[in-house]
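Order of writing sets the labels: A, B, C and D. Residues in every chain begin at 1.
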Amino acid sequence: MSFNSFGRVFRFTTWGESHGPALGAVVDGCPPGLALSEADIQPFLNKRRPGTSRFTTQRQEPDAVKILSGVFEGRTTGTPISLMIENVDQRSKDYSDVAKAYRPGHADYSYDAKYGFRDYRGGGRSSARETAARVAAGAVARAVMPEVQIMAYVAEIGGDAIDPNNFEALQIDKNPFFCPDEAAAGRWEKIVDAARKEGSSLGAVIECVATGVAPGWGAPIYAKLDSELASAMMSINAVKGVEIGAGFGAARLRGEENADRMRPSAEGSNQPEFLANNGGGIAGGISTGQPVLVRVAFKPTSSILTPVETITRDGEATDIVTKGRHDPCVGIRGAPVVEAMMALVLADQKLLHRAQCG
Amino acid sequence: MSFNSFGRVFRFTTWGESHGPALGAVVDGCPPGLALSEADIQPFLNKRRPGTSRFTTQRQEPDAVKILSGVFEGRTTGTPISLMIENVDQRSKDYSDVAKAYRPGHADYSYDAKYGFRDYRGGGRSSARETAARVAAGAVARAVMPEVQIMAYVAEIGGDAIDPNNFEALQIDKNPFFCPDEAAAGRWEKIVDAARKEGSSLGAVIECVATGVAPGWGAPIYAKLDSELASAMMSINAVKGVEIGAGFGAARLRGEENADRMRPSAEGSNQPEFLANNGGGIAGGISTGQPVLVRVAFKPTSSILTPVETITRDGEATDIVTKGRHDPCVGIRGAPVVEAMMALVLADQKLLHRAQCG
Amino acid sequence: MSFNSFGRVFRFTTWGESHGPALGAVVDGCPPGLALSEADIQPFLNKRRPGTSRFTTQRQEPDAVKILSGVFEGRTTGTPISLMIENVDQRSKDYSDVAKAYRPGHADYSYDAKYGFRDYRGGGRSSARETAARVAAGAVARAVMPEVQIMAYVAEIGGDAIDPNNFEALQIDKNPFFCPDEAAAGRWEKIVDAARKEGSSLGAVIECVATGVAPGWGAPIYAKLDSELASAMMSINAVKGVEIGAGFGAARLRGEENADRMRPSAEGSNQPEFLANNGGGIAGGISTGQPVLVRVAFKPTSSILTPVETITRDGEATDIVTKGRHDPCVGIRGAPVVEAMMALVLADQKLLHRAQCG
Amino acid sequence: MSFNSFGRVFRFTTWGESHGPALGAVVDGCPPGLALSEADIQPFLNKRRPGTSRFTTQRQEPDAVKILSGVFEGRTTGTPISLMIENVDQRSKDYSDVAKAYRPGHADYSYDAKYGFRDYRGGGRSSARETAARVAAGAVARAVMPEVQIMAYVAEIGGDAIDPNNFEALQIDKNPFFCPDEAAAGRWEKIVDAARKEGSSLGAVIECVATGVAPGWGAPIYAKLDSELASAMMSINAVKGVEIGAGFGAARLRGEENADRMRPSAEGSNQPEFLANNGGGIAGGISTGQPVLVRVAFKPTSSILTPVETITRDGEATDIVTKGRHDPCVGIRGAPVVEAMMALVLADQKLLHRAQCG
C-alpha cells in the first residue's frame, strides 16, 4: 500500500499541497452506473470550506471541485474518477520564519528529519487543506451505499461537552460548530472567541454515527472494521485518539454491563434487537447491523500567536509565533472530514464483503 | 491487502483457530542475515502464555514455537519465515450452547451474519489465541531493529489506575498483571479475584512506550505512524480505543499547553530536546525521535458466568452463560500483544523509510 | 504487496524451502461455505508429484497435504486456510560444491548478491518444490469457481511440438508428459531419455485453456486479466515467456486477420459467438466469455551433469557439475503448476469483479 | 492493489479517458531531493506524441505535462507528484457507429459486459492515450535511478525483423519507427504505408534493454523481477506476449546452451563476467547485473477501415468500419511506453531492495 492511498477495493489517492496550484483525489474501483456529478460532491466541500465564520480560518477558498475522468453521461463508468480542486487564495506572504524555525506540534521538524527539506508554504503536504480531497472522495463513497446515512458532529470543544439530553440532529447545521446542542453552541461561541483573541487554540472531540450498515461488513483480524476506522480517523490531521462504541469507557465497565444484550427481531425487522451499543456496531471486527459509532479526538491547532520555545533549522534556540490565517479550533472543520472517512471505509468494506461473500 | 495480513514491506500473515491443530504466522520481507532462533521468540510467547496465574485462563498451552522456514544456520535468509504453534489443550467439551445461541459482546452473531455459519469451538478464528501468532511475529520484528526498546504495561484495571509517581519499570515482570506500580498490583489482585468469583470480568488500559525510534519513520497522510499504530492496536481482540501521546487529553489542552516545545540538542546528542511529549513521539505522522507512546483500551472479557439475555440462531429469546476457561480480564495478557504490534509496525516503517529515503 | 504473496482479494502466501521440514501456503479471502477437504487437494498434488516416472526427478515425496485451519465440518469458514506439506526425502548429501560455486542459470549468484548468503541445500527457496504450495492453493481456487474448467498440457519439448490435428484431451493424463498428442508423446520419450542420459536437459512450452469464464472478469490497465496471468505465469520457476491468445503470432497478423469477429448468439446462449480467439479470451484486459488461452515457455533445467564454466563465491574460475536428482525437463511438471496459477488468478478476478460490479 | 495503480513502494496511479478534459498520473513514494521539472518529463512525452509522422495517428496532441504537486524549488519533496496532460484535439465526430456496435479486437464488448455501458468516445479508458500518463510517470522513475540506462526499439513490424548485424543504437531516433536497423526502417516505410492505404494495420515486436541495473533487485517467487516486468508490459494496450531474455527461444535450447556461463570479474569490475545473457539479466527472479532484456509483442491496431463482421449492442449481425485517426501500427509508439514501464518497474524494485537489504 502506498503512502497517499487508502482502501482495498474502493481505493482513493490524494495529492496536493497547501500552496500548490491545486489538490485532488483519484478514486479507483468505484462501481459503474452510479449517478454522479459535481453537484453531488460540492455540498460536502462547502460544509468543510474555510472562511465561512469567524471560528475558522479566514482563507477564502471556493473549493470548487471538477470531475476530470470516470464519469460519462452523468454516471460512473467503473474507471478512475479524478477530482481536482484549485487553490485560489494562496496569500503571498513572508514564510521566512517558518522556513528557518520549527513550529512545535507541526510536522516541520519531522518532515525535515525524514526528507531533508520541506515545502514550508502553508505547511505543504501536511496542511489540513489535504482533507478537502478526502471530502470530495467521500462524496463518491456515499454514492456507493445510498442505504447508509452518516452524521458527524462536534461533541466537545476545549473540554466543554454537549449534554446528550439536549441532542437535536437538526441543530447540527444551524450553528458554525456542527453542534447538536443549542446551549453548548452558545457557550462555544464565547470560548472559541476568547481563545482566538488570546492567540491560543482549542481541541475538540467529534462523534460520528453511521446507520443503515448491514450486518457482515468488515473481517476478522487485520481488516477489522474497527481497525480500518481507527486507521482512517487517525490519518486526519491533528487527530490523536479514536474510540469505537464505548471506547475507553468500556475499559471501566464490567462484563455484564458491557455486553450488548440481544432480543428477538422486532416485527417487520430481519435483524435482532440489541439493548445497548457499547460495541459501536461492531463485534469481532464485523458489523452487527447496529449504528457504527466512532469518537475522534482533535488536538488544538498548533499554529498560534502565543510565542513558544523552539529551535531553528541550525539548532539554535528561538521563540516562534505563527502568524497567518488559522482555525482557532481545527476540530470544528473536522466534522465533514470524519464523515468522509467513515464513508470511504464503509464503501470499501461493503464491496469487500460482496467480493468474499457474494 | 488481504484480511489476515498486516504490514507493507515487512509483512506478516496469521492463520489458525482456537481449536484447530495449530496456529501460525508467516513473516515476509524480513531483512537477511539477522540472528534468529526459536529461543529468541519463545520468551515473548511465555509472557503471553495462558495458565500462568489464577488471573488468566486456566487453559494450559505450552505455546512452543517452531520455525519452519526462512532461517538457515541461525540467520534469516530474506525468504518467508513460517512460525507454527501447536494447540495442545483443546478441552473436549460440549459446545452446543454456544453453537445454538449468540454470546453478546462476542463475534458469534456477526460471524454468522457474514459467513452464514461459524466454527464455534472456543470462538474459532475470533479467539484471542490468534494473538500468539502476532507475538511470535513480533519477536522477529524486534530483531529488525535492535536499537528500539519496547515496553508495555497495564495502566488501569476496572477503572483503577496506576499512580505515575509509583512507576517502577522493574515491577512490571514481578506481578501477574504487568503492573509497574506495586501498590496498584496489590489492589488489582483483589478486584480481579472478586470479579472472577462473581462470574464477571473487567476491562483494562495498556500503555506502550518505544524508545530508540529514529526521527523520520512514518509518512504523511495514509501511512502516518499514528494511523498505522491505531490500525494495529485496534485489530487486537477486545480493543475499543487507541490514543497516541496525550490522546483524548490533547482535546482538552490549549494550543500553547499541547505544543511540545523544542530546545537545542543536549551535548553529545544529535537530536533536539523536547520539553514535553503530548504528540507521543509523532508529528505530522512522522516520528520525532521522542519515545513513541500509545494507550490502548480493552473491554472486559465477554465470556462470563453471569447470565445475559440473548437469542438463539433461530431468533428465539434465551439467556446464555459462558462456561469454560476464560480470562477474567483479557486486557492483562494484552500487554505482550500490544508490544508485538508496536514492534511489527515500527519494523515495517523502518524498512519503508529506508526504501524511500535511503 | 509482499514478496511471497499473490492476489488481491483471494490471496495466497507461500513459504518453505527445498530442504526445510515443510512447505506450505496460506490462502486468505476464500468465500465461506465451500466444500473442501484434503481429498479435494491431493489429486492435484499427485499430478505434480516427483518420482512418478523416469522423466522427472527421482526424489520421492508423497506431498501429502494437511489443512491446518479455515475449514470446519468440511466447509471453508472464510478465514485463512493454512496448507502444509512435509518434506520427506531430503537426501543427506554433500552440498559443498554448490555452497562454494555458482550454478549458471540458477539463482545461486543472484541470491548471494541480494542477501549476502543463501540456503544452498537443494536451491533453498528458489527450488521448484515451492510450486507444490501453489498447486495446493490452486485446488482451493478451483472450489471458488466450479463453473470453470482448466486444462494445461505440454505443447512442445526441446523444440518438438505437438500436432494440433492429433489433439486428444483424454491423452493428457495417459502419458508421463501431459501430452495431448499420442505420437508426440512417443517421440518425447526418446528425446527426453536421450537428454537425461547425456547429462543435459530440455525446455518446454505449456498451453493452458480455461473454459467457463464469464465475460467481465479483469479490469482495465494495471489489473488487466492478461497482465495478471503474465505475472502469475512468469513467477513460476524456469519460465521465461508468456503469450495470451495468438501472442507473438499476433504481431505477425494484419488487423483484419487478428480481429476476433463476432456473430449473434447461438440459440440458447446469452453470449455472442466469436469466429476466432486470437485475443485468448481477453479484450482490453477483460474476459470476453471465450476460452482463456495462455502459452508459457520453460527453459531447460539448469541443474545438469554436463560441466559448465562458472566461478566460486571467491570469484575464482571453476567448472561445475550439478549432481543430484533433477528433472531432465522441468517444464513437464510445470503443467499442473500452470493450471494452478490460472485457477488462482481467475478465482481472484471473479471475486474482484463481484466486488466492483455486484 | 487497485485497478489503476502499479508498483509497491514507488507506485503510480493513472486516470483519464481519450475524450475527457485531461489525463494524468499520481506518482507516490518518490524519494525526496531529486531534481525534477516539466522539462525533464516532456522529451519522453514528445517521443510518444501522436501526429509526428504519417505512420502514426494524425490526432494532434501537444501532450504538455504540468506538475501539480510534489516538487518544491525544483526538487521532489517525497510527497505525491501529480502530473496532468490536457486533451486538446478531441475531434467532435459522430460516434454513433461505435456506440451501437462492437469493434472486434477492441474492449467495446468486454467493457459493456463488465460495466453495463461504456464511454465510447475514442475508446474511453481503453484508449492508448492512457499510456501518455505512464510515459510521464516513467520520467520520474528514471530520476530515481540515474545509474540505469533504458533503450527500447522496434525489432519487427508485420513479421519483418531487423538484422541484428545492422544494429546501430544511434539510428533509433533517426527514423519514425524507433528502428535501429536503417535498412529495415526503409522497408517498414513501404509496408506500413501499404497497410495504411489498404485500411489494414500491422503488429510489431519491441525490444527493451536496461543497463546499469545492480545485482540483487527483484525477489523470489511473486515479486520476481521477470514477473513484475511481465505484468507491466502485458498491461500496455495491444500487448499479447512478453519474453525475458531468450524467452520462448530458451524452451528450444539444451541446458548447457542456455546456461549463462560465468567467468571471474574483469579487472576494475566488481561483477562477474557472463558469457551469455539467455536469462535476460535475471536469475531466480533477481537481477544478475547483466543487461535486463525484454521482448514485447503488439498485436495490429484493431481500429481499421476494412469492414469486419460484428454484432450490435442488441445482438444483431452487422459489419463495422472504424473511421477516425488511428495508428496503422500501434506498436511503433509502444517503444517509449515500454521504456517507461521498464523504468517504473526498476525504480520500484530498487527501492524495495533497499527496504529489505539496506
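The criterion applied here is as follows: a residue touches a chain if its C-beta (ideal position, glycine included) is under 8 Å from a C-beta of that chain, and two chains touch if they have at least 3 such contacts.
If you're wondering where the values come from, they're calculated on a predicted model, not measured in any experiment.
Visitor: Among the remaining chains, which ones contact both subunit B and subunit D?
Guide: Chains that touch both subunit B and subunit D, as defined above, are A, C.
Visitor: Scan B-D, A-B or B-C for the interface that duplicates A-D, counting it as a duplicate when over half of the contact pairs agree by residue number.
Guide: Selected pair, repeating A-D: B-C.
Visitor: Count the touching C-beta pairs: is A-C or B-C ahead?
Guide: B-C
Visitor: Round to the nearest whole Å and give the separation of the Cα centres of subunit C and subunit D.
Guide: 26
Visitor: For subunit A and subunit C, what's the span in angstrom between their mean Cα positions?
Guide: 45
Visitor: Any idea how many Å lie between the Cα centroids of subunit B and subunit C?
Guide: 39
Visitor: What are the residues of subunit B that contact at least two other chains?
Guide: Residues 2-5, 8-9, 14, 29, 32, 78-79, 114-116, 125, 220, 357 of subunit B touch two or more partner chains.
Visitor: Could you please specify the touching residues of subunit A with respect to subunit D in the complex?
Guide: So the residues of subunit A in touch with subunit D come to 2-5, 7, 9, 11, 13-17, 20-24, 26, 28-29, 32-33, 66, 68-70, 72, 75, 77-82, 114-119, 124-125.
Visitor: So in the complex, which bits of subunit A are touching subunit C?
Guide: 8-9, 29-32, 78-79, 220, 351-352, 354-358
Visitor: Would you mind writing out the residues of subunit C in touch with subunit D in their complex?
Guide: Result: residues 1-6, 8, 14, 102, 104-111, 113-116, 125-126, 130, 156, 158-159, 195, 200-205, 215-224, 226-235, 237, 239-248, 250-265, 272, 275, 278-280, 282-289, 297-304, 306, 308-311, 315-317, 331, 353, 356-357 of subunit C touch subunit D.
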